[in-house]
Amino acid sequence: GSFGDYGGQYVPEALMPALQELEDAYERYVLENEDGFLDEFRERMRDFGGRPTPLQRADRLSERYDREVYLKREDLLHGGAHKLNNALGQVLLAKYMGKERIIAETGAGQHGTATAMAAAHLDMPCEIYMGRTDVNRQRPNVYRMRMNGAEVNPVEAGSATLKEAINETMRDWATTVERTHYVIGSVVGPHPFPQMVRDFQAVIGEEIRDQIQERAGRLPDSVVACAGGGSNTMGTFHAFVPDETVDLYAVEAGGSSLEIDEDAGLAPNSATLSTGTDGVLHGAMTKLLQGGDGQIVESHSVSAGLDYAGVGPELSHLVETGRVTPTNVDDDAALNGFHRLSRLEGIIPALESSHALGYLEEEHEELGDLVVVNVSGRGDKDLETVLEETEKRDLEAAPDVEVFDQ
Amino acid sequence: GSFGDYGGQYVPEALMPALQELEDAYERYVLENEDGFLDEFRERMRDFGGRPTPLQRADRLSERYDREVYLKREDLLHGGAHKLNNALGQVLLAKYMGKERIIAETGAGQHGTATAMAAAHLDMPCEIYMGRTDVNRQRPNVYRMRMNGAEVNPVEAGSATLKEAINETMRDWATTVERTHYVIGSVVGPHPFPQMVRDFQAVIGEEIRDQIQERAGRLPDSVVACAGGGSNTMGTFHAFVPDETVDLYAVEAGGSSLEIDEDAGLAPNSATLSTGTDGVLHGAMTKLLQGGDGQIVESHSVSAGLDYAGVGPELSHLVETGRVTPTNVDDDAALNGFHRLSRLEGIIPALESSHALGYLEEEHEELGDLVVVNVSGRGDKDLETVLEETEKRDLEAAPDVEVFDQ
Amino acid sequence: MSDATYDSDVEAAIRENHPALITYITAGDPSLEDTKAYVEALDRGGSDLIELGLPFSEPIAEGQTIQAAINRALAAGTTPDGFFELVEDLETEAPLLVMTYYNMILQYGDSEAQRASEEATGQRPRAKPDVRPFVERAAEAGLSGIIVPDLPAEESDPLREACDDNGLDLVFIIAPTTEGERLDSIMSQVSGFAYVQARLGTTGARANVSGATHDSLARLSEYDVPKAVGFGVSKGEHATEIIEAGADGVIVGSALIDIISSSETPGDAVDALEAKAAELKRGARRGADSLTVDPEERPEPEQP
Amino acid sequence: MSDATYDSDVEAAIRENHPALITYITAGDPSLEDTKAYVEALDRGGSDLIELGLPFSEPIAEGQTIQAAINRALAAGTTPDGFFELVEDLETEAPLLVMTYYNMILQYGDSEAQRASEEATGQRPRAKPDVRPFVERAAEAGLSGIIVPDLPAEESDPLREACDDNGLDLVFIIAPTTEGERLDSIMSQVSGFAYVQARLGTTGARANVSGATHDSLARLSEYDVPKAVGFGVSKGEHATEIIEAGADGVIVGSALIDIISSSETPGDAVDALEAKAAELKRGARRGADSLTVDPEERPEPEQP
């Protein structure tokens, strides 16, 4: 249940039997393909999810950076991001386990919509907890979840955002654990979640590995993925961890600054791997953004999907052992990355993925001749944010949007 | 250049040489694969577009209708709809022809965004004409086009919607025809557009034909697709036209009524194949929604993408010869189809595609044991419309969205 | 200027009044009654041919000026029947042509009465459109020709036959892009006159004469048919320049629509239209005169 | 009730005051000064053990009542150092326990001073967390035990060792889902008392006693360790019922937080807390009495 010093099961006693039950199910169904679980999972990800996703040569980025740049197109997965890999895997596993009900928390709504989709597809009742503030500012995602038949439970406590939604989902789970599966949305939380979610997401890197060898005849020099909680990161890296010649770069949200304001309990970034310290949050020992006393600080990034004070324990371990290089780019670089890919390649990336593209721009000379970047999701969801944030700044890659002036 | 009585080239003289040039290029590059055009097109549609798209067995619809129902997942194509098949084909062809500039008109913005994406991908300057009214009510699509580097030219004339955008694009083309290609967005317009756009879209039906035989071991009893201009329809049907055992259903927008209000110049539907009469519009002889004098009436559907008073001439011909059955469902049935697929299958379909699903609900008993429905696009773009329209009605398939009440 | 007689009223009007002024306005803008007064004013002002637009809802070849006129005419309830009645009412020296889109021609005669009878008998309206009812009615109303901006030569057989049978000219447009075999083929079929499109693009008043006009007229000089130039002509001096370049006539439309839409009263418009026509006709004549008096511009006289 | 002596203050407090009342409030809600007065009131009211919450920003095991108290305490600037100073200041008959989340224990001692020195030497902060500084400081401040809601037995070795070394009890929670081998294993390690979670879910005052409580106590009856029941206890009659069902003590928290947050003045809260503690203690005693007098409920006496 651990990755070096990281991982573990730091949860209330009431949940331990459920975690052990899940661990058992994970080992049987996922690791040993009992009852053909994995076959069904792969088939559904192909037919319902749209796997495999393409590995595309980015012609204009390759020219711009004078090296071969390939994009892994997770933005083409059903729902618009890699999230479905995990959501469908867990909902299907819950079905195999005989659970009757699915719950999940969501911040900006990406994990909630993926879970609601998977639950609709597999005919499982589903409730999503979401802070009232997030409900009100992410209405399209709330609509999508409702359309898929999920209940959306607004959480009114505190700042009414992700943190409170997690607490409320934990409360639900602690109450209904016997018949309910909690679909955690990233490679975080107590064992076996980090390992299981990684396994569901590992298809990303497995496909890349086959595709790049077919296209370029060899393994890449480097693989770049953004990192928030880290599920697209681990999903992209996992297949390459044994390949010592392949450099792995986890690009975090540098936000507006890397300094923590401890008095305000605020980190104006979400660069956990780059700047965090070890501790326990949401069930696992991992790197965290925390004050000296151990209070978790509020992270901040222009990308809601990276905006989390923790990170997957396996990533902490891979960073600690030097296998993964932690890096980060700031909000401006991410926004420029967003605009650059949209304009040069006709792909509007998620703001999360835009961090990986921002890093490519800044450090491409360090990345070797053959680079793969994971485009973890599409950016339609981010249009309003990007417009708002672009207006405030002077970004070299941004277009004018003067068309509405009249 | 014609399909029975339909088709032709009813355009101003100034455009005729350009159409002949296009016809020549179409024959050489598309039909004869000169310079490997088709190979490049297919490769780009695979790597950039995400082809092939899955053919998915719809488990719960199959159970509901007591027959095998398969969904063709064009909603998973890059951009969220089948539109890219055509846009990428034409922009690539324009590049092979040595054109320097792309123009297109757009109503709700779907064709405009697909064209902008394709133009960005292929590094072609691109201008999109869009009515001011549409610009203001379809902001996200305008943003997407701007992000992809396209100019968006608001058209202020008249009702400032699709019709004026078409006129304005025609004006641009008539002025700049020597160096500009006009990317028409459907199987409409003068020859060779209807045939060429069909060929670019025909990959949909070709894939279905292979996939269904692999999955079900035989050809389907019926294939159902929605029809506005008809590009997803012809793309879906083309491969099946020679298969006499396969029934082809084109589902049009029945809107709120099939009657034309001639005094108001208004058809509260877009059921051109079902109710239209022959005439010439936008370059081709085809079925039209028109008054007795020949004035084109304004169509109306809850789905902006079906809202067009004409239809592809080849579809008119296939309906006239009895090969394709024209049908329609009303706005309510389409909205219920939208909600049903979202809730039962975890796929939020475009309102266009929802018409095909509405027809499946109403007439499934007529469709045989093995049915394929084309899900031409995803419905994220339609969320606001669906909510607004759902609130006004009492729809059996709709969920509550009371979550915002506070 | 010539003693020859012509089969075609239209060709005659151009040849006999060389250099000819051809004017266009949209029927029904702002009402058919006003149109009657405007047409008569244009006739008095010196128009040698008058094109009357029958409005169609999707005027893809027009610029914004004429599109707006068409929208006003449609809003005023202008119909083909009303149009033909106006034509019957008009008494002008200048022959009249109708300019409209092909669908208007196809649908005429697919009348309410016919459809009602089909519906009564339970049939689905056949509605196979036919150009003949329109052409017959046009001839009966006294029109001399038809111009259809969205009907290229390749698609024109049915309409040309009907026109031939009814003694009407079907006027073809020659664009700057019309070249080679197509040009030969179209020029060989010219009926009435060749409508020479002065520039790429759509109709609309412009500030000057396009260089493409000169190129086109040079290209067309070998063809012995009357050539009239339109698209963008708005002033007497344009007319002068175009006639000097070798045209037999000038066609003016959008500049007249501008007068109609900007006049405070229909009476003002009537006066201004008459004056504008006169200015344009004078301009055209100046062009013809300069060809006669300016030895440099004048073709070498043949040795007698 | 017993003459035995115990290694553990905590176990002694329960055994010797049977049936025991254990009360919980969050330190620093609304200020550490107020907390001092509240704790003393609970002590006067008859608490036999008092749990003091050290607030953590992500209290995943708490219900909304205690979460809100924690948020108020954090907003008031409550720190571990302030907490320990409060504990040093308190003079209560009831032994005190600290209830907090594991990360607070891990980070204590990773002090600003230490980090500053690391930064000054240019090192990246090591920050390998260690539980010992917290446990040592807790012992020094006079605390008798620690409860950590997010630390299950499987992860508790480091903390248990540190507690053992410092003479503190580490209290384990037994949930309704704790069964079989895990239950045996945890019960064999009980230190102080077994914190019996009355129902699934989180902390929070409830209107009645869960059926799961009776089931749990029946299941635990074979284990000879003190058992105190918490989660949802809010009234004297709940206390009666729980003690009747075989518990050695009741744990009350959210009901006291409700009093604190709804009192108009700290003085009002002090009085109300003391009264509530007295009510709960009376309720618990009634439960014990009924066991003594009601022959039906009383276990069969062994034959002498």
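A, B, C and D label the chains in the order they appear, each numbered from 1.
In this text, a contact is a pair of C-beta atoms (placed from the backbone, for glycine too) under 8 Å apart; a residue touches a chain by one contact, two chains touch by 3 or more.
Source: prediction; values computed, not measured.
S.K.: Take chain B out and leave the rest in place: which chains still touch each other in groups?
M.R.: Remove chain B in thought and the touching groups are A, D | C.
S.K.: On a C-alpha centroid basis, what's the spacing between chain C and chain D, in Å?
M.R.: Averaging C-alpha atoms per chain gives centres 97 Å apart.
S.K.: With chain centres taken as the means of their Cα atoms, state the distance from chain A to chain C in Å.
M.R.: 66
S.K.: State, to the nearest whole Å, the distance from the C-alpha centre of chain B to the C-alpha centre of chain C.
M.R.: Their C-alpha centroids are separated by 37 Å.
S.K.: Could you list the positions in chain D whose residues touch two or more of the other chains?
M.R.: In chain D, no residue touches at least two other chains, as defined above.
S.K.: For chain A, write out the residues touching at least two other chains, lowest number first.
M.R.: Where chain A is concerned, no single residue meets two or more other chains.
S.K.: Return all touching chain pairs.
M.R.: Result of the pairwise touch check is A-B, A-D, B-C.
S.K.: What does chain B use to touch chain C in their complex?
M.R.: Per the stated touch rule, the residues are 5, 8-18, 157-158, 163, 166-167, 170-171, 174-178, 265, 277-283, 288, 290, 292-296.
S.K.: Could you please specify the touching residues of chain B with respect to chain A in the complex?
M.R.: Within the complex, chain B touches chain A at residues 46-48, 50, 53-57, 60, 73, 75-78, 80, 116-123, 132, 135-136, 139-140, 142-144, 146-149, 152, 154, 338-339, 342-348, 379-380, 383, 386-387, 399-401, 403-404, 406.
S.K.: Please give the residue numbers of chain C that touch chain B in the complex, ascending.
M.R.: Within the complex, chain C contacts chain B at residues 56-64, 67-68, 71, 74, 79-80, 101-108, 110-112, 115, 125, 127-129, 149-155, 172-179, 182, 186, 197, 200-202.
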